[in-house]
Amino acid sequence: MDFTPSEKGQDYLNRVKAFIRDEIQPIEADYHAEMARLDNRWVELPVIAELKAKAREQGLWNLFFPDEEHGCGLLNSDYALIAEETGKSFIAPEIFNCNAPDTGNMEVLIHYGSEEQKAQWLPRLLSGEIRSAFCMTEPAVASSDATNMSATAVVEGDEVVLNGRKWWSTGIGHPKCEMIIFMGLSDPEAPKHRQHSMVLVPKNTPGVKVERMLPVFGSYDEPYGHGEVSFDNVRLPKSAIIAGPGRGFEIAQGRLGPGRVHHCMRAIGAAERTLELLIKRAMSREAFGKPLARLGGNPDIIANARMSIEQARLLTLKCAWLLDTKGIMGALSEVAMIKAVIPQMLQTIVDNAIQIHGGAGVSDDDFPLTQLFAYARVLRLADGPDEVHRGTVAKLELKKYA
Amino acid sequence: MDFTPSEKGQDYLNRVKAFIRDEIQPIEADYHAEMARLDNRWVELPVIAELKAKAREQGLWNLFFPDEEHGCGLLNSDYALIAEETGKSFIAPEIFNCNAPDTGNMEVLIHYGSEEQKAQWLPRLLSGEIRSAFCMTEPAVASSDATNMSATAVVEGDEVVLNGRKWWSTGIGHPKCEMIIFMGLSDPEAPKHRQHSMVLVPKNTPGVKVERMLPVFGSYDEPYGHGEVSFDNVRLPKSAIIAGPGRGFEIAQGRLGPGRVHHCMRAIGAAERTLELLIKRAMSREAFGKPLARLGGNPDIIANARMSIEQARLLTLKCAWLLDTKGIMGALSEVAMIKAVIPQMLQTIVDNAIQIHGGAGVSDDDFPLTQLFAYARVLRLADGPDEVHRGTVAKLELKKYA
Amino acid sequence: MDFTPSEKGQDYLNRVKAFIRDEIQPIEADYHAEMARLDNRWVELPVIAELKAKAREQGLWNLFFPDEEHGCGLLNSDYALIAEETGKSFIAPEIFNCNAPDTGNMEVLIHYGSEEQKAQWLPRLLSGEIRSAFCMTEPAVASSDATNMSATAVVEGDEVVLNGRKWWSTGIGHPKCEMIIFMGLSDPEAPKHRQHSMVLVPKNTPGVKVERMLPVFGSYDEPYGHGEVSFDNVRLPKSAIIAGPGRGFEIAQGRLGPGRVHHCMRAIGAAERTLELLIKRAMSREAFGKPLARLGGNPDIIANARMSIEQARLLTLKCAWLLDTKGIMGALSEVAMIKAVIPQMLQTIVDNAIQIHGGAGVSDDDFPLTQLFAYARVLRLADGPDEVHRGTVAKLELKKYA
Amino acid sequence: MDFTPSEKGQDYLNRVKAFIRDEIQPIEADYHAEMARLDNRWVELPVIAELKAKAREQGLWNLFFPDEEHGCGLLNSDYALIAEETGKSFIAPEIFNCNAPDTGNMEVLIHYGSEEQKAQWLPRLLSGEIRSAFCMTEPAVASSDATNMSATAVVEGDEVVLNGRKWWSTGIGHPKCEMIIFMGLSDPEAPKHRQHSMVLVPKNTPGVKVERMLPVFGSYDEPYGHGEVSFDNVRLPKSAIIAGPGRGFEIAQGRLGPGRVHHCMRAIGAAERTLELLIKRAMSREAFGKPLARLGGNPDIIANARMSIEQARLLTLKCAWLLDTKGIMGALSEVAMIKAVIPQMLQTIVDNAIQIHGGAGVSDDDFPLTQLFAYARVLRLADGPDEVHRGTVAKLELKKYA
């Protein structure tokens, strides 16, 4: 048994930590302040491009790819610890070209894309030149049951025609977002998990319209944002379908495993950051003759936070290790478990941190806690609500006795 | 034993419900939409003034006062049920001139104000012509321990001089806010609960400056708002001190009882509104072949919400009844209990409602759930954090055995 | 609104409290010690009969009946507070002839029994001369779904023939238990809630056999006990069926309302007793320089206990008041709510009390906490598990929107 | 990163699993049935001795020792997985001579014992010929604060004299228990953690008296038991003090790390066993047209159990690995964390299993759930209550910022 990263992983981890400490943290407050001053925040500030260039130069780029062709050949379990570090900052993932949904979209292209599709999109995504979005969730149906998806991707001759309305398309507001992966119903007569297709859609295709950007607890999360997007008779060559019609769920499944590890490890990083804020505040304020950190049930809150973070991290690392050693089919339960456990864990810690900060905790301008709360809250819904993941865990558990 | 309001209370309750149904609900969506379109939202829209006039005409005005001189002579337990109704709307409390902190401020004036002080402020507050704020919480200290308060209200000859910084001064952003009740340290040598004074401060007094309005989960809660206010050598005649120096805590204590019942009953109204949203959504969406309302653990969520609301309401009504029959000294534990129980209860129900709404639940533009969440979250801190109230309950419990 | 008992109720409450304080408490420790010394504990100790006689003399007898013919004409809401007092003792309910399941069985006889049935059983039950049991739950099926019940009560000519196995027949071990109400399937073809019948069975009828008494957390709860009972071709005249074949569920329903109030109020009494033990221990022991009562999160535990007890009591009293004023059909949700809320509340408080007692808390010989725990734990299953009652609450909630 | 045991560890694990499956499980029900039939259960049934001999023959003996001299040279992280397996049975730990408190007592002897002390006790403990007890907790003080300990171990000339009363001395009821490690106050003037000593006491020394055995939720846990033991002027040669006077806490500290891993991994084994019972029951019973396993919130209960077990196991394995690689000083927080997390986790799962079993769940004779509950409940107090361990975690967390 060994709970340490590989030598290579540790080396990258050290370098990422140093980069964040030396390059990102010093500019982060200014970055957010500058963004706050802008009337139009749907822009990429120059500092981001500069840091991306610097990170790429140092080889801290596309770290999430497990292969050496596209990334650095890091194990999922090694990259997980890096993702945790980037999760402590709202901008770090982008700097290392490790931001969702681009990461998952690139993986889909590599694993399922045709040579033509790869040629069209991959180089610019790998270089961070453009960004992309993923359109799956729909406003009109309960998306917790993915088979409810009712937007259509119908093959007509040599074309595929897209119709319907999607939302929570993260990143679609980014000025560099040029590509969308759209998932829609192709054949309602096919078996349940063979009815849907994924289609590559240039964002500027006629009929694609971003109807609005969605405000979440008062923030549009610029310059990425979450969009509501209508597809009105969007016509593309049939070759835009990824891996052929009816394979949407198969691709979605494959996309999930590592992506959830990334999400969850970033959330663990956010939890560590939150706990640090909580403790520092609790040590700096006194009430009833004691620092808050030693008052009443507060030590329990701190201990519970530490205990839940440690457990959550180990579960996620084990999940990553299973993906490394047994693949997604060997990690189905763990992939569901982390998604059910970690966002809720983060939300609880943020809520406690808010409480210990008092009024300062609910003021957007004083601490990042409301923003962290929104992040946690959304994560409990994004990519499947907690309930669905617990359902998966239960189902796999029952299977052992079937 | 009788769990029904008095005849008079029932009559007023019916009339308030009818007014809300007929006058307020029909304009509410438009009101919020119009506010959202404004660049400057620190205004009172004409519709508010119109509705206030109409409510006043119908005698639905200052309902919170238990006496007939200033209000309608309703019992706290009768008014509580009215407060619940107004809590289902973000604008209703104002319409009936029953909004905090004006309600508490008026009560302070009536019970502790000099004739001169009453003459100066009371008529215009009673008529709803002006609004007021309450400045107690401070950014620099843990306000959960009120004795930490370090802003000063020092008597110098015939004057009282105010210095310091306050925040979370609710309502101070309102265009009609003209008066502030300020609480500050007068005599650090006096016994612990005789050191502070309350002072009546015209908002336009030189030295009073609203430094900023505080954003809470993305909202400034216009046109009321929560302000950070500096007091820089603010000089007022000594007669501006309420009830004389050193009586701040005594007044604060008296101000609390009914105020907490109002807060908590409005929160219960908000919880009812939230549960209604939750259920309607849960019945209108299907996943895995069932309406969400019947799926998995969702019925438990609905039952738990109902059970916690019912219990919370009864506790608050009992508290109100104790205030009616035994006064604040007979309701000390209950007044603390409701404040510890109800905001957390509301937060839990809103959180569950968000989860059941899926993505729509976290979008500010689609449902009022993020706003209700912010309301609940703030209420767990405002007027003392949960922890302090639980501490009071525990202390009173131990006293029984001392 | 009025949260006080009626004058008559208050008078009875005072007298019951005095009786418990003066007559029961002084002998209670000795009673349990004497029981513990016996080899055969399936006996009624003489002191019980003496106290019963004394209570009856004083008119503190059959207090649960809302009518004056059989009881004292107390409202359910008045009796509820009396039940709370008796719940602080393991023997008090019996002393006042207010013990389950006799209470419910007597009510069934009064409301649904024929004159012959009443004549046969009622006088001796009303006088406390005999005791009775209720046989509904079955070992072979999930009894949470009562329609699973598979023991049979088949009419053959002039007879009804009982077959099957029941368990958790409380009180069947009592030496004075002479009568059983048996519920069984009469007609599997009838509509779902018209298939079962209730039958009055003399315990000594051939074919009735107590197969074993069930140990619960190490206790048989003597001299009452919970039995597993087989019915092997038990033949009775058809007139033993209560209210005729197929009316079992109808009777069961009517039996439930007040019975649940009694159960829950006794559990609230047990919770008060437990909280008193908890606080006394917490004030008498020191660790890390403080009495446990003031250490760490313990004040929160005390406050939470007080808050949950107060809320639970009010909910139960409101339920009783609804039964008084609107009958069972006006209290369906409340009757389910209290059963879902109170046993769990009691379990939590007992668990916390155990923790604060340390090792002493888990020793059966040192404190009654393990016994109180077992009582709470069983109550979460008896008369329907928590889940079923939450399900009822949810169903009724959804109905409002149907 | 690698979550698998070492090759050697895996080999032993396989052999232990096979032994349990082939030798222990087949006789376990009979063992408990035979014990239940005995009047005097303070005996070692012959089957235990037989199985111990067989296990020893196969080299499955003293597996907990990390060295090859006394054990098999297994890492803590390897042995942890073995402890989990033994925790699924109430008798397995003894069979492999891996039962507490003998394991800890042997470790104390090896690490701190004089040659004479070792010679006297070690061979017979290592061979499983005798058993031992550990006397630390006291009835008269809050033992959560170990410095409260007030029994005395005073050096008088060449002797050490023991006085005081201990309880929760586990294993003292075993017929083969011959030795006690006693901890007492030697020098109240010394620094706080240098005041106490540990003394080796032959159980038959004059003045040692087992006052009573403690019943826990109705069980004496024979043949081990938990005793209350008085020490009345017990005189021993000074050489009976382990490592010299004043070193009690130092030794206790060293004793804790691996011991807590053992306790917690056994509890995880118990949790797995409980979850298996829960699921099997939930799949075998139907209500409302569905197996309980798929009904309402039950799948969530199953998922939550799985998720909490996985996380708890990983935390414990990491703790064991830290002990292996960094020693106790590198695992202080983890050793506290597992003790705070795992017993509570087990209690929750057992409680849920009871609920799903319905009445069968609370019957001692039908399922081992009440026994598992008692085990979990006691474990939340034994070796320090949850609160103390959370306190340690919080303290270490705050230290990072000091």
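Note that the chains are named A, B, C and D in the order they appear, and that numbering of residues resets to 1 at the start of each chain.
Convention: a residue touches a chain if its C-beta (ideal position, glycine included) is under 8 Å from a C-beta of that chain, and two chains touch if they have at least 3 such contacts.
This structure is a prediction, so every number in the text was calculated from the model and none was measured.
Relative to subunit D, the chain whose mean Cα position lies farthest away is B.
Between the Cα centres of subunit A and subunit D there is a gap of 43 Å. Spacing of subunit B relative to subunit D, judged by their CA centroids, is 53 angstrom. The distance from the centre of subunit A to the centre of subunit B, with each centre set as the mean of the Cα atoms, comes to 38 Å. Residue positions 296-297, 299-300, 387, 391 of subunit A are each in touch with at least two other chains. The touch graph of the protein chains shown is complete. Within the complex formed with subunit A, the subunit D residues making contact are 1-6, 75, 77-78, 275, 279-280, 283, 293-294, 299-300, 302-304, 306-307, 310-312, 314-315, 317-318, 320-321, 333-334, 337, 340-341, 387, 389-391, 393-395, 397-398, 400-401. Those residues of subunit D lying in contact with subunit B across their complex are 296-297, 299-300. Contact residues on subunit A toward subunit B in their complex (touch as defined above): 137, 139, 141-145, 148, 167-168, 212, 214-219, 285-288, 292, 296-297, 351, 354-355, 358-366, 370, 373-374, 377-378, 380-381, 385-387, 391.
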